[in-house]
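In the two complexes that follow, chain A is the common piece, with chain B as its partner first and chain C second.
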Partner chain A sequence: MVLVLAIHGELQLLSFKIYKMKKDIFYKELAEYLEFENIELKEDTNLNSISEYDSLAQMSIIAFIDEKFNIKLSAEQLRKITTIKSLMKLIGINNFE
Partner chain B sequence: MGTKIVAINTYLPEKIITNQQLENDFKRWDSEKIEAKLGIRNRHVVKDDETALDLAYNASLKTIKEYDKNKIDFVILCTQSPDYFLPSGACILQNKLGLRTNIGAFDFNLGCSGYIYGLAIAKGLINNNLANSILLIMSETYSKHIHKKDLANLTIFGDGAASTIIEKSENEHILEFVFGTDGSGFENLIVKNGAFRKKYDPNAPQISDNSGNIWTDNNLFMNGPEIFNFTIEKVPKLVDEILNKNEMTLNDIDFIIFHQANKYIIEYLRRKINIPKEKFYSNMLDTGNTVSVTIPLALEYSINNKIIKRGDKVLLCGFGVGYSWGATIIKF
Partner chain C sequence: MYNLENKNIIVTGASSGIGKETAIKVSEYGANIILVARNKEKLKKVLNKLKKGNHIYFSQDICELEAIEPLISEAVKQTGKISGFIHSAGIEMTIPFLNMNTDLYSKLFCTNVIAGFEFARIISKKKYLSDTGASYIFISSIMGILGEKGKVGYCSSKSAIIGGVRAIALELAAKKIRCNCISPGIVQTEMTKTIFNTLPESSVQNILRQHPLGIGDPVDVAHLCIYLLSSLSKWITGTNIIIDGGYSIQ
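Then we have the complex of A and B:
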């Protein structure tokens, strides 16, 4: 049973944590997660200027950051997000390449 | 000796609010997007003159139609929208349902974890020879707490009630439990005014967020992001703990029911924990998040539709307001 649990734990780690992410992939995958139609995300895109950026979108951001970086964003941090770059700073610039 | 669930019945109020109605009223909601993302299309809500005790009564009536009410020797009601500060709603139900008077009755106050705690209390009472047949009722009318302009919470929550009979049985069917509490998050899901720390304030100032939701301190407030963070952190651990406590792995479990918070959250948790889709209940389409009622609603549906069969081991997981969480495994 211990072995099974260990394998289970490992799989979880593999699928839910990567260490460095290419910026282009980050923009692309975040946009897919957010399901914004016809909006391309770039470093200087201001999320607050996108009408679809609502509490549902914030939920997606929390899930995305947890899944890809294993980082929890507090409500306070979420409120302060403006551009995609500000989100990347919260995640930690060294998580990107 | 042990304990066993022998009946589950639910009752939903007649009035329904559809996504389309919300879209029409608020003009800033896409009903299809809401259904796709939150997994909710309709929610039942009480009328002004209808209360949690009415729902509890109706759910219990269904139960005593099929179960000898003279066997019931304990009534336990879980609600966070009580009819009165005092007395306990369970005492009023004893009389309204025509139950014996030589029985126990009390209320307890928990939200989304309530059903797990109710089962634990029932198991404890029976296994200590304090009761033989317990009527456990979850009844919730969060709609009464929600501000009429708080679209986010109006969308998510629905009202409802569930009554369960837990009986003494030859073998134990309600297996081990795990509980958790972290009161540091109490302000993230709260109705601040109305009791004695802060009285109901008819002139309470309106508060709004940048999505345009409006509420006051007299109403339900939910800090969505923080609640989501709490579930992401606690629920995977909770599942591990309840499996360990029962010396099982996910492979031993036939079906898993989480509190139906919303589809997005529980689907995310399912993927994070690596639970196979076919073992996982996800359905709040026509009820919304009914707080402590979601788990018995899911059980009733799954039993009626033969998704849960005799002998199945079902893992139940409740988590939310408090923060409070708990899990158990039921052998059907």
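Then we have the complex of A and C:
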């Protein structure tokens, strides 16, 4: 479910997304976004064990999270994550169902 | 020679970063500043920092392109005809090429390129343009010349400014309008912080190391704007001036 609240104020346009994503959809869409071929992402997948997981893939994850959850992660935050589960914790476990 | 008195200068992106600093500095040389940005509260703060003059501000999203001509018309009514324009409004985006889409390109190009060109086109009409001509300055970026991973949208939009300015300069020379680009390297602004936030720490350190004179201050760019607005630069048009502390010479 996507709920978009747009406030047309005098100062600026603000938009908030409240988004809950099914976990299996998250794994699938993230893998597609990252173009990880023949790799099935799961909660316990360690990103550092994937050969295609490089600095560019990290940028893609930042862009993906921003687009889907309106959450802006820093490269430094992302550097600390290991598994998909730790990424989901960073995003906020409440954002998943 | 740096006297800018009685010149009315429009500055987009005037609420922060290079635009804000340039507006403040240009006002110190006697110009009247027309501040344009989205955030009204920030604009009011900048207005209060300008040296005494007939300054005004417009809280406006410049990608509402149909609003540009009424804005310029009102500015001319309130301050007089326009002698200068600085397009400092810009947005950055760090998204790998394979994840880009047409909406993202449109958003970047609208703010960074099209809105600026629209301002310049409309100011160039006889009814808005100073009888003594004008100087237009577009703030591009060193990224408009160099490449960086994840920056295809930003790099291409900044590069488009540099290309467009050459053609605009040729067309407008007969109207006594000069049109130039400035391509700064890394300058300490909020946008730079955002860019650095999305890059790995190793990349950030690498970029910092590659600035022989260190990273820049917005006022460094403001000083170049003052030169380009003044008559000292009367024989300069259609060019792109790099100001990057030596970053791109290596």
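The definition used in the following text is that the second predicted complex is superposed on the first by the 79 of 97 C-alpha atoms of A that agree within 3 Å, B and C clash if a C-alpha of one lies under 4 Å from a C-alpha of the other, contacts with A are read in each partner's own complex, and residues count from 1 in each chain.
Convention: a residue touches a chain if its C-beta (ideal position, glycine included) is under 8 Å from a C-beta of that chain, and two chains touch if they have at least 3 such contacts.
This is a predicted model, so every value here is computed, not measured.
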item	value
Partner chain in contact with A:93 - chain B first, chain C second, else both or neither	neither
Which superposed partner A:25 touches (first chain B, second chain C, both, neither)	neither
Contacts of A:33 with chain B and chain C, given as first, second, both or neither	second
Touching partner for A:55 - first (chain B), second (chain C), both, neither	both
First (chain B), second (chain C), both or neither touched by A:63	both
Touching both chain B and chain C, residues of chain A	11-12, 35, 55-56, 58-60, 62-63, 72, 74-75
Interface residues, chain C side, partner chain A - complex	38-41, 59, 61, 94-96, 98-99, 149-150, 197-201, 203
Parts of chain A lying in touch with chain C, wherever the complex brings them together	10-13, 33, 35, 55-56, 58-60, 62-64, 72, 74-76, 79
Chain B partner contacts - residues on chain A that touch it in the complex	1, 4-5, 8, 11-12, 15-16, 35, 48, 54-56, 58-60, 62-63, 66-67, 72-75, 78
Of chain B, residues touching chain A in the complex	33-34, 37-38, 152, 209-211, 213, 223-226, 228-229, 232-233, 240, 247, 249-251, 264-265, 268, 272-274
